[in-house]
Amino acid sequence: MGADGTAEAKTTYREAMREALREALRADDRVFLMGEDVGRYGGCFGVSLGLLEEFGPERVRDTPLSESAFVGAGIGAALAGMRPIVEIMTVNFSLLALDQILNNAATLLHMSGGQLPVPLVIRMTTGAGRQLAAQHSHSLEGWYAHIPGIRVLAPATLEDARHMLAPALADPDPVLIFEHGSLYNVSGELLPPTDPVGLDHAAIRRPGTDISLITYGGSLPKALAAVEELAAEGISAEVIDLRTLRPLDDAAIAASVARTHRAVVIDEAWRTGSLAAEVSARIAEESFYDLDAPVERVCSAEVPMPYARRLEEAALPQTADIVAAAHRAVG
Amino acid sequence: MSVARHTRTRKDPAHPKPVMKTAADKKNARTEHRRELLEAMLRIRRFEERCVELYSATKIRGFVHLYIGEEAVAVGVNGALTPEDAVVSTYREHGHALARGIAAEAVMAEMHGRTTGCSGGRGGSMHLFDASRRFYGGSAIVAGGLPLAAGLALADRMRGLPHVTCCFFGDGAFAEGEFHETANLAALWGLPLLLVCENNLYAMGTALAREHAQTDLAMRAASYGMPAWAVDGMDVEAVEQAARRAVEGIRAGTGPHFLEARTYRFRAHSMYDPDRYRAKVEIEQWKERDPISLLTDRMHENGELGDKELARIEQRITAEIDHAVEAAEQAPEEPVENLLHHVTSASAEAVS
Amino acid sequence: MPSLGADMDEGTLLEWLVGPGDLVHKGDPVAVVETAKSTIEVECFATGTMTELLVEPGATVPVGTPLALIGPMAEKPQEPERAGKPHRPRKPAKARKPEGPTEAEKAEERQPVRHAPKKAEPSPPEPAPVPVSASAPPAARQPGHIEAGPLVRHLAEHSGVDLETLHGSGPGGRVTRTDVEQAAAARAAPRPPRVRATPFARRLAAELGVDLATVTGTGTGRGSAVCAADVRRAARGPATPAPPAGAKAVRPVARPAEDRAAAMRRAIAGLMSRANRDIPHYYLSTTVDMAAAMDWLHEHNRRSPVGERLLPATLLLKAAAMAAREVPELNGFWTDDHFTAGEGVHLGVAVSLRGGGLVAPALHHADTLALPQLMTALKDLVARARTGRLRGSEVSDATITVTNLGDQGVETVFGVIYPPQVALVGFGRVVDRPCAVDGLLGVRPVVTATLSADHRATDGAVGARYLTAVNRLLQNPEQL
Amino acid sequence: MNRTDALDMVRESISTVIPDADVVALGPDDAFRDVLEMDSLDFLSFVEVLSERSGVRIEDEDTPQLTTLSGSADFLIAHTE
């Protein structure tokens, strides 16, 4: 039983996102869900299970395997006043629709001199860790966070999975939501949010004074695990969950580094040109006089993701890597 | 957009004529309509001829793709659409924009990069937009507009609105993946979409037979399960009649239709390409079926057009374009401080 | 030469399709031009008769160069084959070098024709060159001119001083002999090697008054750079042994703010006791009549808006800086038993931090700053000192320091020198004192100026010369 | 300008110059320059802010009247009749 007498509201990240979709479809008839196998199959990762039965084929639309066409159609429908949610099965297939996202969704408002906002939400699964090998294991959030004109979110907790969708739908501009594949089965208690969940700020998941562990999405659990190991050695580590990858919450990052004077950035993408590189550059620019050690980065090895389990684990950023980086920084 | 000062307020050619009682009335109505089609085509022709001069004198820059020779398609198709219908175009779009009713001044100002341009100076020749006329602009990515048009049609259909979305694209776009994905999706979902393929026989420098294994585009479009037929893209009345038939079919709910307008561009792909890929004699042959002279000859035969009246139309259009150029050259440029405007809807402040 | 593409700056005329005297209509192709990408037939935009071809086939000319002149249509329409004697084509202009229009062409430049095609009715006869010609390139600017006389230039050459790097201290920024001598002396001194330290450590060292050179760096991973813990340890004084590098030492537990103030107190104590122990101070003081200065100040403040008001302290600081320039022996450092003159007067200003603690960051080249500039620099420096945002250079390279305790009501202050400097100037409060003025009893505002100096570097006479200079400078405030 | 507004304006001006000053605890007759350890720079900024807010031009000669809250308030009231 919950402390306040209600039944323990245990739920999973997947169920939280499904509930968000159901709430959105109920609240506004301009909202509809479109994507491969979102209807009869119930979603490749089961997120939209049961929605077809509840809302019908007009508002939960299975699409042919034509990413460019149905993402472009989502953009067109948004231009015409609808509030579509387009699901791209994984970020790996989003490359087929990158032209529509970059050259249409992100750019129409500007090219039209402000006449054509595109109120569209695109959700896609991301990340590696399930031995899906090179073509199914990419982490390309950084590519999208490079594009002016769109907002990029990375819900890592149950609360964010449940409550980010509504403000995203209310945003007049395109919003991309990245859901890390390893998070769907995470379960826990989902309490109603105290104040409304915003999209502009990072969150301090664990306060600390000696070092800042800055991360997002699927890497958050590994960072929290690292905190326990470091605490045992007397190092008080702070964990910053970025939540929004564009725009980055510069103030939160700078405030944390001003407290701890050391930073490790954890990002599952490849190091070169990664989001971690951008965060590290901003720390060097904004908090140079607060740095008592070079900024450390823990990213994937620069290799197409191998299939063999031990190789994949070696390629991906792990808790041990985070602890080692923290040691290098704390000295 | 401010309408050119001293042009006669044009009756919007798109409105179908009320039912006429006597044969004479019917004849006058046809003459009046032909005069409107002629003026619309002449406006496009003269506008683009002026662009050639302005481009050579470095007054307008960037890429400019001319529509001279294909005017009948834009004017004919637009005759079948209502102001509530939506239009998606390509980078060769001056004709589509002017036929849709966007003022010559707004288009000229846009090509001069001024704030009074129809895209505020941000889009240029390849990205003309007018939300009030549901003109969802040019796209510089070949076939980039096709999925967009499917989405517009989907939205109208989901909201039970009887509107049609018309998407212009070329024979080059017909070879892009996005065309095939969109055609299938539109047919699958029965979307109210009019696909108008302006087949001008060349994808930039590649002749039709060197880009398509099967060059009968209409036949190939039909294979997606939608009515599809070809029409003489040089005859504005034939195009209008075909477009009307397609649009009536779409509004009756029979799903997307495909029109292959066989037409030809008299000038290079863009401002000054070597044009070595086609023979001079071929251009001359097609010029003999110039869409404007086809219509004027037909009107002369029926005594519907005197030289004096033609001169008056020419004079009125020249004045309209002179004014458009003059206004564009005097219009203000956007201050640099506004650089980051319109990046996001709330981008009064710069969002990193 | 029309622009035939987005990326075209010049074109080569291959051949003319028409000759002088030929009738041309708008849109007719008149020439063939070759660009980087292609050969293109160029059409003309005017109807009339070709009067003169300005560019010869084979010539490459930039976009915009007039190619030919088109005169008006002949009055009566000419039958195609005119009987009269063939019109002798005048020799077209000789081939031009590719760069820019020549003088001849400029002379021929005409009013560019209005672009809109001529109205149907015949326009007044005037030749119509087709495109508008490009404008002439701007003249290159004169290299920077340095105000310095021949003697000074000669001296600079001999002592290897680059005049460009000097701030002229003379009127109008003119470089004087002393500027060069000071620069030469400073250049001779070996620069202390730069200490490898983290930015935060460098900032902390400044705040705690720890000299980085004296700190052994346990450092972080790569290379033994001095880190914050090392600086805190140094500030605590030699009592606590530095933990051996890499050993599993107990981690420094972060300290609340009070601890930080205590650490700063200890650091200042360490610094001051070292200064007292090592530096043989001598002290001088004098009373300065401030009447002229205060009158000038009140008049200035009355005339200027509130934001640009000056404080008495501004005048005192400027006088101290200008005097330091006049007496360079007091403006520098005592290191390894010899004096090194400072490169310019970097006036350290003692700033008390709220809640205790003191730091003396430098106003660079204070002697050259006009009073309003000095005032703004002072405000900025004090504000940044109190928020811990000082730059490393401001903290480390003051050449002489001034402490002004007038605010706290003290009349005379004998301070302790900040090593390795060799002098500290002190000003008390400006007070009204009875004194003899031209033999009569009068009341005048006065301030007590003091000097603490390092007897190893200078002796009393030099100190006295400095204070009299300060006094003299304050008597004509308008020259400060 | 009535007395309470004048007092508030003086307190606000002090707190803009020294954000973490405990202005509320200041008695009307405390010499706030000493209590808050304001040096001449702080005091000049205080004069600047006060004259900006009140629109009253404050000369060097007037500054002796601005040592306490009530003194400053009296000065403002006198100069805004």
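Chains here go by letter, A, B, C and D, matching the order in which they are written, and residues are numbered from 1 within each.
The rule is short, and it goes like this: contacts are C-beta pairs under 8 Å (C-beta built on N, C-alpha and C of every residue); 3 or more make two chains touch, one makes a residue touch a chain.
Just so we're clear, the structure is a prediction, and the values are computed from it rather than from any experiment.
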Taking each chain's centre as the mean of its CA atoms, the one lying farthest from the centre of chain C is chain B
Whole-Å distance, C-alpha centre of chain B to that of chain C, is 56
Whole-Å distance, C-alpha centre of chain A to that of chain C, is 45
Taking each chain's centre as the mean of its CA atoms, chain A sits from chain D at a distance in Å of 52
So, in whole Å, the Cα centroid of chain C is separated from that of chain D by 38
Every touching pair of chains is listed here as A-B, A-C, B-C, C-D
Listed in rising order, the residues of chain C that touch chain A in the complex are 198-203, 218-222, 227-228, 248, 250-251, 253-254, 389
In their shared complex, chain A is touched by residues of chain B numbered 86, 88, 117-123, 127, 129-131, 136-137, 139-141, 144, 146-156, 158-159, 165, 177-178, 181-182, 184-185, 188-189, 341-346, 351-352
Interface with chain B, chain A side, in the complex: residues 32, 58, 61, 63-64, 66, 68-82, 84, 99-100, 103-104, 108-117, 148-149, 151, 172-173, 246-248, 250
In the complex, chain C touches chain D at residues 297-298, 301-302, 306-307, 309, 311-313, 352, 354, 378-379, 382, 406-408
Note: in the complex, chain A contacts chain C through residues 209-210, 233-236, 261, 288-294, 328-331
